[in-house]
Structure formats: C-alpha cells, structure tokens
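To start, the structure under review is shown below, and the notes come after it.
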Amino acid sequence: MRKRNSLAKGKLPKWAIWAIAAGSIIIGAAISTLTGFSVAAFAIYSAIIFLIAASVITTVVEGKRRGKNAMWTYLIYAAFIVALIPLASVLYTVLQKGLPGINSHFLFSSMNGVTGAIDNQTVANGEPVIGGAYHAVIGTLLITLWATLISVPVGMLTAVYLVEYGQGKALSKAITFFVDVMTGIPSIVAGLFAAAFFGMILGPNARMGIVAAVALSVLMIPTVVRSTEEMLKIVPNELREASFALGVRRWRTILKVVIPTAISGIASGVTLAIARVIGETAPILVTAGIASQINMNVFANWMSTLPTFIYYQILTPTSPTNIDPSVQRAWAAALLLILMVMALNLIARLVASIFAPKKGR
Amino acid sequence: MAKRIDVNDLNVYYSKFLAVEGVSINIEPKSVTAFIGPSGCGKSTFLRTLNRMHEVIPGGRVEGQVLLDGDDLYGAGVDPVTVRSQIGMVFQRPNPFPTMSIKDNVLAGVKLNGTKISRSDADDLVEKSLRGANLWNEVKDRLDKPGSGLSGGQQQRLCIARTIAVKPDVILMDEPCSALDPISTLAIEDLINELKNDFTVVIVTHNMQQAARVSDKTAFFNIAGTGKPGKLIEFNDTTAIFSNPEQKATEDYVSGRFG
Amino acid sequence: MAKRIDVNDLNVYYSKFLAVEGVSINIEPKSVTAFIGPSGCGKSTFLRTLNRMHEVIPGGRVEGQVLLDGDDLYGAGVDPVTVRSQIGMVFQRPNPFPTMSIKDNVLAGVKLNGTKISRSDADDLVEKSLRGANLWNEVKDRLDKPGSGLSGGQQQRLCIARTIAVKPDVILMDEPCSALDPISTLAIEDLINELKNDFTVVIVTHNMQQAARVSDKTAFFNIAGTGKPGKLIEFNDTTAIFSNPEQKATEDYVSGRFG
Amino acid sequence: SDNPTAASSESAAGSSAAGVTGTLTGIGASSQNSAMEAWSTGFKAANSGATVQYSPDGSGAGREAFLAGGAQFAGSDAYLKEDEAQKAKEVCGPDGAFNIPAYVSPIAIAFNLEGVDEINMDADTIAKVFKKEITKWNDEAIAKQNPDVDLPDTAITVVHRNDESGTTENFVEYLKAAAGDVWTYDVSGDWPSDIQSENAKGTSGVVSTTTSTNGAITYADHSAVGKLSTVNVKVGDEYTKISAEAAAKALDAATPVEGASENDLALDLKRDTTEAGTYPIVLVSYHIFCSSYKDQATVDLVKAFGNYVVSDEGQKAAQDSAGNAPISAAIAEKAAKAIDSITVAK
Amino acid sequence: MTTNALTSKSSTSGRAGDKIFSGAALAAGVLILITLFAVAVFLLIQALPTFFADPAEISGGQGFFAYIWPIVIGTVIAAAIALAVATPIGLGVALFISHFAPRKVAGPLGYLIDLLAAIPSVIYGAWGYMVLAPALVPGFEWLSKNLGFIPLFEGPASQTGKTMLTAGIVLAVMVLPIITSLSREIFLQTPKLHEEAALALGATRWEMITTAVIPFARPGIISAVMLGLGRALGETMAVALVLSTGNLIPSLIKTGNQTIAAEIALNFPEAFGLRLSELIAAGLVLFLITLIVNMIARGIIARHKEFSGAN
C-alpha cells in the first residue's frame, strides 16, 4: 500500500452525510411524536437537527471553514425547498380546484345571460356548470396587448435614453430615481389616476378597455424600463464602437446592434412586466368596469378581464345560494390565467432564442 | 483611395483632463505608421481622434486640426459619420457582431446604414473583402454561421474585412494582435503588408518587433508621469527610430529588452 | 515551501471532448517551467488541471494522476479547496476584487483561512507580499483605495501579491503579461525570477522571448487540428528547446518569427 | 360564444320588436349584483336592442358616480343622504333624484356550532355577543333563552366585515335601535373599531370564514349563508325565524322618510318593532334614478328598466337568482308610479 | 478658402434620423416624469380636503394623523415581514439556481419560480385564507404557548390564522419571485474572473460567494429588494382577503393591524366625499413612504460606489 494521501487529511467520508441525515430523521420523528405528531413538526425538527448536526460534525472533522461552507450549502438548499412549498401548494390548489372547470364550454362561452337562477338549476339537477370565461380571456388579451403596446415603446425608449443618451445628465438621474418610485405606486392608485385622467377628457366614468390599458401601463413601464436598462447596460461598448467606426449612425446602431444583442434579456423583462400586470384586479375594476358579454372593442363599452372575473365570481357569486358554480369558474379562470402566462413565457423564450447572440462553432 | 492625414498641434481632453498635448504629425498615404510608447501615454486616445471616435466617450473633445487630404475632420458642419465611413478602425479585442452571421458581419457597414444592395453585389463585396482580409478560404463554406464561432485570429481578420468592405481611405488599428497567438499574429501582419497597397494604415502596438516588421514610419509617444499629458516625442522612419533615434527617451524605450 | 509536481498520463476532458491527451511531465521545485504552443493546443486547460481549477468549468474532468510531492491531487477524499490553497494561480487578465481595497485584496486569501490575524501581522504580511510582488513602493500610500484604480500592470502584480500572501507551494500563471505594456511586463518578468527562489512557478506564454528569458524548462504543446486533442510534444531545458529541439514541430514553432 | 345558455330568448326577443334600445349604465351596491344579473338578462330578453351594464363597485361608489354623471342610475344599500339629495339637483334637474326600493333581503345572524342548528336570541344578547361581552356559547344569557338546546363550552368567535358595507350598516342600525343600551356605537358601514374581532372581506368572505371556524358567528345576506345555521331573533314576545315573508312584513311596516318628495320612496325601517312574525334586520337596496334625463331615448330606457325591476316578473326573476325577498305589491305600485313620472329635462 | 469636402458628403436625412430618434427617447423619458408628476398632483388635489377638514370629521374622529399612523405602521410591519422572509429565501434560491443546482435543473427551476410572479393577487389572497391561514393555526398556537412572553407572539392566537404574520407570509411568497429572478440574473453575471480568483486562492464555494459574488451583486440585490418592497407596500387584494384587520397591536398572531393599500381597497367602494379624500391621502402617504425608502436605497448604493463591481 502507498502512504496515505496527505491532501485527503481530515475529510468526512461520503457516506457520513447520509448517516447524519438518517439519524436526524429518526430523532426528528421521535421528538415530533413526543410533542404530538404532525408532518410539519416532523419535517421542521428533522431539518433543524440535520442542519445543526451536519454543520457541527463537518466543523469538528474538517475545520471551521468547511463547516461554515457546509452550513451555508444546506441553508441554501433549505431555502430552495422552502420556496417550493408555497409554489407547490398554490399550484396544487389552483389545479385541484380549477381543473374540473376547464372544458370547451368554459373556454369558449361568455357569461352573457347566465343568472343565479341558471346556477341554482344546474346545481339542483347536477348538470355541468353553464357560462364561461371567453369574454374575460378576450378582455385580458386586449387590455394587456394595449398596455404592452403603450409601455414597451415608452419603456424601451426611456431605457435607451438612460443608457445611450442621458449618461451622467441630471435628467437621466431624475428619471432613474422616479422610475424606482413608480414601482411603488399601489395598483389601485394607478387605476384611480387613469380613471380621473380620462374622466377629465371624456367625461365622468368613461370606462373602457383603453383606460384600463393606460392604468396598467403606469404599473408596467417601470418594470420595462428597469429590465431593459439593465440589459442594455451589459451590451459591451465595443460593439457600439465597432458600429460607429463603420460609419453607422447612432440610432441605427442602437436599433440594429445594441437592441438585438440585448433582446433576449429585454424579452424576459417584458414578459415579467406583463406577468406583473396581467393579474391585476383593483385598477381594472375602476377603469374597465365589468361585463358578462364579449366586447372586442377597447374604445367603447365595459370589459371584463380574467382577474376581475375571478374577483367577482368569488366575492359576489352569481347565485348567492349556490356558490359552487361561481367558485368553480373562478378557479378555472385562475388556472387559465396561469396557463396563459406560461404560454407567454414560452413565447418570450422562443423569441429570445431566435434573436439571441449566436454562440458556438 | 488612400488619403494622407495631417495633424496640427492637437490637444485631446477627457472633460478637463488633458490626455494628449500638442501633437503634429504627417501621415503619408499608402504607408504603415506605427505608434509605440508606454502604457497610458495616449496612443489609443490619439488614434481615436483621427476618426472622431474620441468624442463617443462622454467628455471627450479636442483642440487643433486633423486634415484628411486637406479637409478638416473637425471643421464646422462635418458629420462624424462621414468621417468614420472614410476612416475605418480595428480594435484591440476582436468584436464581431454576435447576432450576425459572418456574411452579415462583413456587410454590416453597408447594411446597417440602410443602403440597399443587390444580392449579387453583396456576394461580390463579401468575397472581395474576405479575400482582402485573407479569410476567404477559411470561411467560404460557412458564411451563414455566426461570426463569434471563429477563433480569435479569424475574428480579428473578420473585423478587418468588415472595415475594408466600406472602402475607407484610412484604416486605424489599436493593438490588433495583442489578444492573439503567434500564428494569428503572423497572419495579420502579412495582411497589413498587403493592405498598404490600397490603404493608409495606422497601427498602435506594444510589440516593438511588430512595429519594426510592419511599419514604414514609427511615432514614439511618452508621458512624463501620471496626470501629465502624453506627447509625441519622435516621429521618423522606422529604421531610424529603432537603429538611430534622436531622443534619449526613444532610445531608452526601444532598447528595452521587451518582447 | 516549493513542491514538485509529477503528472502521469493525464487526459483532460470538457464533457465528452478530449482537450488534452496523455500528458506526463515532471516539474521540479524552485524552478520556472514555461508552457508554449499555438492557440487552442490546451496549455491553459492543462495548467488549470494542476490546481483543480479545471473542474470549476461545467463538464470539466480528468483521467490520470497529478502528484504534488507524491500526493495525488485527484485522490479519493481530496478537497479541491486544500489543493488550491497550496497551488496558487494568476490569470491572463488581472482580476483584483473590485469591491476591496488594495490591502484587502492582498489579504483576501489569508482572511479566508479564518485564522484571526492581528493588525500588525496583517500589515507585515501586506508589506511583505507587496514587496515580493514589486508593488510596495507604488501603492504604499494608497492601500485603502480600491484595487481597480491601478494600472493593468499594477493590478497583475497585485494579483501576484495576493497569491503569494497565502504562501502556496506552487504558483501557476496563465499568460500573465499578455494584457500588459512592455514596462509592466518587465516588472513581472523580474518578479518571476525572484519568485523561483521560494516557489515552484509554471507559466503559460505566447511570447517565446519571454519563455526564453524567464524559464528553466520549457514544454511545447501542439495540436494536430481542430477537434483533435492537444499533446505534449517536447519537454526539456529551455536552452535545449530553443537552440536544439528534438522534434521537427518544436523547431518549426520556435523558429517562427513571432514576437 | 356569447350565448352560453343556448336560450331560446334570442328568438323570443326577436319577436318583441316593441322593445327599447340603448345601453343603460348603473354602478352601485354589490348586494344586488346577483339580482341585477337576472334583471339585465330578463330585460334584454324582452328588449333585444337594450343592454344594462352594472358594476357592483359598492353603494358609495355608485352614488358618487351617479352624482358625477358617470352612471344613469345607482344601486345603493342606503338612500341618498341630505347633502347628496341636494347635489342630485345639479345633475337631475330641480326635482332631484329619487330612491326606489328594488331589492329586499333579510340579514341573517349565522353561526357555526357543531351539533346546534337553531338558537334563539333577543336583541340585547345579540348585541352583547357581537360586542364580545358574551364569549362562550353556553353563557347564561344564551342558555336561558334556549332551554332545549345542549350548548357546548365553545368560545364565540365573532366574524364581521372588514370592508365598509351596507350589510354592516343595516345590522348595526338594528342593534342600535333594538338594543341601544348595550350597543352604544355610532351607526356606520364600518364595524366599530373598538371591537377587535375576526373579520373578512365581502359577504362570501365572512361566510367562508365562519363556515371553517367552529364557534363562529357572523351576519350576512340570508341567501348567502349556505350551510350555516341562523339565529331566531326575538321580536315582541316571540322568536322570529328568518324568512322572506317575515322580511316583507318589516318592509310593510316601514315609513317614508321624513320630508321626502312624493315620488321618493326612501324608507325608514322600524327596527325595534314588536309585531310578532316580523324579521326586523332587513336590508333594502334602492335604485336611484334622476327625475329627468337629457333625452327621450334615455327616459324610455330608464322607465322600461325601472318598471321591469319592480314588476312581478322582475321581482320573481331576482328571487329565483338571488334568493331574496320580493317587494310588496303596495310598494311596487308606488314605485311604478314614481318611475312613470320621469321626464325629459327642459 | 477651399470648401471642406467632408461637409458636402454628409447626408442631412441621416442626421434627421438621429435627431428624431434621440428626441423620441428623450420624450419617452420626459413622459414618464410627467406621468409621475401628474399622479402626484392627482393624489395631492384629491387628498387636499382631508388636510383642511375638521379633525372630528376624519375617521376615528381625531384627525388625519391619528387615523393614518397605525396603518402606516401596519404597512411597514407587513412589508418588513415580507422582506424578512423573502429576502434570505429569495437570495438563497437565486444562489441555488446560479451556483449550486446542476445546470440542467437550474433553468426549469428558475422558470418555475418565475411562474409565481404570474399568479394574480386574488388567487394569492384566496389561497392565503383558504389554505395557508388554517395551516398556520397550530404554529401560531405553538408560538403563543412557548414564546407568548414576547409581545410579537402574545396570545391568544387567532383561530382562523388570518393574522398579520399570515399576510406577511403571503406577501413574501408574492415578492419572492421578484427578488429571486432579478438577483439570479445578477449572480449569473458575476465575472468568472473574480469567481475563479477566489477559488484559486483556496476559497470554499461559500467563501467564493462572499468574496466575489455578493460584493459584485450588492447594488443589484438592493434594487431587487426595493422592487420587491414596492410590491409588498402596494399590494392590495391579497392583504384585503387574508388579513383579519383591526387596530394596531404588537402581536402578529392575533387579529389586528391594517395596511394602507388594503385600507384603500376595502373602503374605497363605499367611500364618498371626505372619506374618499382620506383614502387618497392614505395613498399619498404610501407614495411618500416609497419615495423615502428609495432615497435611502439609492444612498446605500451610492455610498459604496467607489468599490462597486461596475468596472
């Protein structure tokens, strides 16, 4: 046998960590049984015991630095697992309550003419729920589309100003600061503002899709500016200089070199911004009203979106005596909204990967 | 093609900081001029004033004249864009556009400005420029692949091809080989030798052997200390600078035993 | 201090791609060994396997043995952290920690060790390391300023100071001068000459004059073509490699007229 | 599709060519939202060219919007206050606006107590429970009134509305009127902040919180209480079980608000009535119309809709959907008369 | 004098393009400032009557200050809980994805966490009071029994679980994806150079993170937390649905407390006249809180500028 490898001195063998884990689970189970068993208590006790035991044992065997490293590693894993719990719980709740309501009738019908009497009847007869979220899907798509059409150009141009033109200027510092402040506007205030603004122009309570789109834009713009700005900043200056040196004008350089290089980051930033507002309820209520029939025109008449639909189905069920159909519609609509955002995310990733800087040989 | 550059008493500033002071130099057409000098003496700064890239940096400004065949680059009403399309530039680190194919990279100077160009003209231009940059044979089969997939030396030659595709009068190069291995360096030095048949070439280099190998004339810049402006110490035929410099500082510098 | 390294038949992979194949080499303590060879032949890759930095890259793995005074770096139960604190590394681009002052940069590696170090000991160590890196005089008045405010050459020497402050047995350097001007290069070459009194030094360089100037032994790596693995072609005393190489490939490479 | 019910109403509507056309906008109380959905559907069935859109933003928001000219009518759980009535003259012309009772619903005192389905309480007891002076279900005060019920030793969890609400306002108005000695707080749509207790948003919120908490008690629209048990309220010498009929009786006993114009049917309910069989905790939700509108088309539309709501047919539709109580024939008659008096502004 | 050939060659149309584009960019920036200014003016005008009203007419009868400060504190408490929970977990998750998880798993995981950002707040509210609140009741009881001597956990614990702590946790779940996704992007951008420098000095992974990653990312982390804070402060519907509101009390596990945004959302529908103006004044106060917090954050970032990773 060769001499022992002096570099491998004082290292815990691989199996040790599994042994500690097993031990922690056993002790965790024991303590939680003593104090009245519950799964949560069991998991919490086991995790804490493991964390302490693993860190202490690593510290003793491998020294303080490795111990610290081990502790933080487990803490970070723990943070991740803890974050997954609410995610799983929310998704499970939405799936469990929403899935039964998803069917083609729900997807492709509005709530036009659906009254409490109809719900009472379907419940009494055990028939499938009547009425769907089609009108709200349309409303969500239209209002979000218009909000995007407003905020993406404004937000991106602002970011372009901040990064490409305004460097070091007082105005650009002011914009950066107030964009941050803007992220803190409560959504209801944005809604009231848009309503008041259009009220001034079009008369009191001018409610329609476009007013809601403006309200959402107020909420969206800061996110678009922020993320675009960050992404433009990391476009290397050498690319700009290369373009300038070829005699390309600044605006063409920005449009054809800088933005395409950053497009994937910008796309995910815009997606995040859309996701941020697509679920808004309060500002829509005061700007777009509520409708049960399909409205394709954002410039006239009231409109529902999925969040307002969900909100009213939960808070003022169509039939107060039989709320189950409304509850089912609400959760199904929630599921639909999440699916829509997922699809949006996928599209954004696709867009990003098409435009993204090409790598590899 | 190929024009002369005459600089009269140029001062270059970064905001208030005077980085380069009182440079006067005459650069002949169809020649290679090398700038050498210690780090921070203002070689890059000065080079960038020759095609108005200096003013891209916030606070960058100049005093004095730079004449391109007698026309002042900094004259009233001169559009920097016009200047830059006549005086091209290659940078220290190869910087092909990552979103574009090799072909689009070569055409960037033409297409980005929105000039319409027929397919066959474009193909001709691409071939001509890539041949001019000694890169055609290596990439002709993958013109549609991204430029960032090339090796460092190839990327740098792609950047040169991109620069000559806009048919400039002058090509400026700022340490074009410092990021490259000896084989790629050799390829680029060969290329510079060919380029001078058509263009006026100005090159900044840290590598004195390189200056000696490729240039007809050499300018030595120096700096008295940090915070002081860089100055042109001596400008002469390359052979004279390396074998028989007039100034003590030049001699000290070129006799250093550096690679 | 100063240990020997023996490599036995090492293969280095990036995921499935075999980048370096079958290298065996014996590096003596208190000597300077230079790795030369064309771009992409695997010099950096191989160098990084000597302190297990290779495995930081996703997919990076090795087959074979690397012995540090007889202990296998890749042996079962060996913690890469232990390896790296005994084999230091300096990179191509200077990389001081931008958020730390010059002093903290020097102490960065020492502070990691968690051992409380008294103020005066720390000051001593900072001075000693900076002196060892030939940087003390230039920075002694601004030890609390950020390290990123230094010139490139100074930053590189700061990185060397940081590396020697942890008192490693071996120092690996990957083209430490390629981003620097001749004056800084000179300073670092002088430094390497001093370092070999205490450390085993391994340096990758593109600059053959540099290899000739600083190293005792030189290893020439080559590659048969893209996609092929790099191999160690010849390893010998530096004088032998440059004046009287055994292999044709070595001769071709070192006789190239590159800077 | 925009016709999820696949109702034959389309064809039926097609034949009733006589209908009015246009869009009528109302904003107001959420309590009558379900009824409003029934009315707007029924109204549309009879008038294919007409649409009624209603946003259940809340009574206050509804009156605010109505007075600002942003809605043609408001739904409100309370009639216009004096200063609002004054302001209405600016929007509606010299005769101002008037309140028409459209939706009547008893407010149940609902609870969740394992094994108990019915409990009797008098007004004082109710007030003390909601004031948290009585904290156990087997408290002497409750036990005394329920000799036949086996009351457990469970803590009482009071659940109230945390949003400002017409339901709260009507409920505390009852407590103040019937148990003024115990309930000394001001009447308002906000729950008295001195009483710290569980609460939730909206009727559905309090009902769901109560349903999931053993020992909880709340107040909510009768139609919405679902599986919860209800308290029989002592009126006179008897305990009245909540029902639509008992609620209608309370409405009949109500008196017109002092100083109201002839066409204004704002009502003051007698919360402290002692007449047996009356259920005094009733919410009356009004439709508030202008006495005159700018143009004939609007007048026609408003009249048609207003009349439909108070008609037997309209009240029946609402009852089927929302489970509320209908207004009495007498009030319906007065309401129709008032609505017919709406004219075009001069 | 000879004419300058370079002037004649310049195309005026090209220059116009530059002018138009930079003008548009500037206009967009100014538009944002104007909008924000308009929002501020709108809030101010609508809120004004509150400040001139007879204190007795303000809700609570003791003037605006007495009305607003408890809910200001409630807002701060809710946001503080949210950030106290979400910041460490969010940064942990971001680090997990950027530096710990195998590459193949990291992408999809990041996507999954980002999904949380897309769930409407009504759903968070509904989930909060239907699933989370009941689940937390045993925990609250444990807290009040074992740590009840601390005012924060003073009993008796709420039987419905609809408390400030629950609302704070729901907010934490809502801001988690914001903090995670932004800081993850920044962690991923830590220069490899600096990470390798630390590793080559013999740093463990955690030490590498503290010497190279965190200092580099600090300004970014602060921005991410600020964005999260913005959402936590301004969130209305989730708090309105989850919290059993009440007067300001120290205990986090009893019924009580209120936030500004929820106060607005809950009372706005029935509000008119002075009450409406009061609620808008509350919105103005929230706006000011955001302004101050952002100023502080900027200050922190600026103070470390000399040592920032940005070069």
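Brief remarks follow.
Letters are used for the chains, namely A, B, C, D and E, taken in the order the chains are written, and counting of residues starts over at 1 for each.
Just so it is clear, a residue touches a chain if its C-beta (ideal position, glycine included) is under 8 Å from a C-beta of that chain, and two chains touch if they have at least 3 such contacts.
Just so we're on the same page, UniProt names per chain: A = Phosphate transport system permease protein PstA; B, C = Phosphate ABC transporter ATP-binding protein; E = Phosphate transport system permease protein.
Not measured: the values here are computed from a predicted model.
In terms of C-beta pairs in contact, D-E outnumbers the other of A-C and D-E.
Rotating chain B by 180 degrees superposes its CA atoms on those of chain C, with the angle stated to the nearest 5. Distance from chain C peaks, on a Cα-centroid basis, for D. With each centre defined as the average position of its C-alpha atoms, the distance from chain B to chain D rounds to 83 Å. Look at where the CA atoms of chain A average out and do the same for chain D: the two points lie 38 Å apart.
Chain geometry summary: the mean Cα position of chain B and that of chain C are 33 Å apart. Averaging C-alpha coordinates per chain places the centre of chain A 48 Å away from that of chain B. Counting partners per residue, chain A has 65-66, 68, 249, 252, 314 as the residues that reach two or more other chains.
Multi-chain contact residues of chain B (touching two or more other chains): 81-83, 86, 113.
For chain E, residues that reach two or more other chains under the stated contact definition are 14-15, 130, 204, 207, 268. Listed by chain label, the pairs that touch are A-B, A-C, A-D, A-E, B-C, B-E, C-E, D-E. Residues 103, 191, 193-204, 207, 211-212, 215-216, 218, 304, 306-311 of chain E touch chain C in their complex.
Residues of chain A touching chain E in their complex: 38, 40, 65-66, 68-69, 72-73, 75-80, 82-83, 86-87, 89-91, 93-94, 153-158, 160-162, 164-166, 171-172, 174-175, 177-190, 192-193, 196-197, 218, 221, 223, 225-226, 230, 234, 249-252, 254-255, 265, 272, 275-276, 278-282, 306-307, 310-311, 314, 330, 334, 337-338, 341-342, 345. Note for the complex: chain C touches chain B at residues 38-40, 151-153, 178-186, 206-210, 213, 256-259. Here chain D touches chain E in the complex through residues 30, 57-61, 63-64, 84, 155, 157, 159, 162-166, 189-190, 193, 196-201, 205, 208-209, 212-213, 215-216, going by the rule given at the top. By the touch criterion stated above, chain C contacts chain E in their complex at residues 51, 53, 56, 58, 81-82, 84-86, 88-89, 91, 93, 95-101, 108-109, 112, 146, 148, 159, 162-163, 166.
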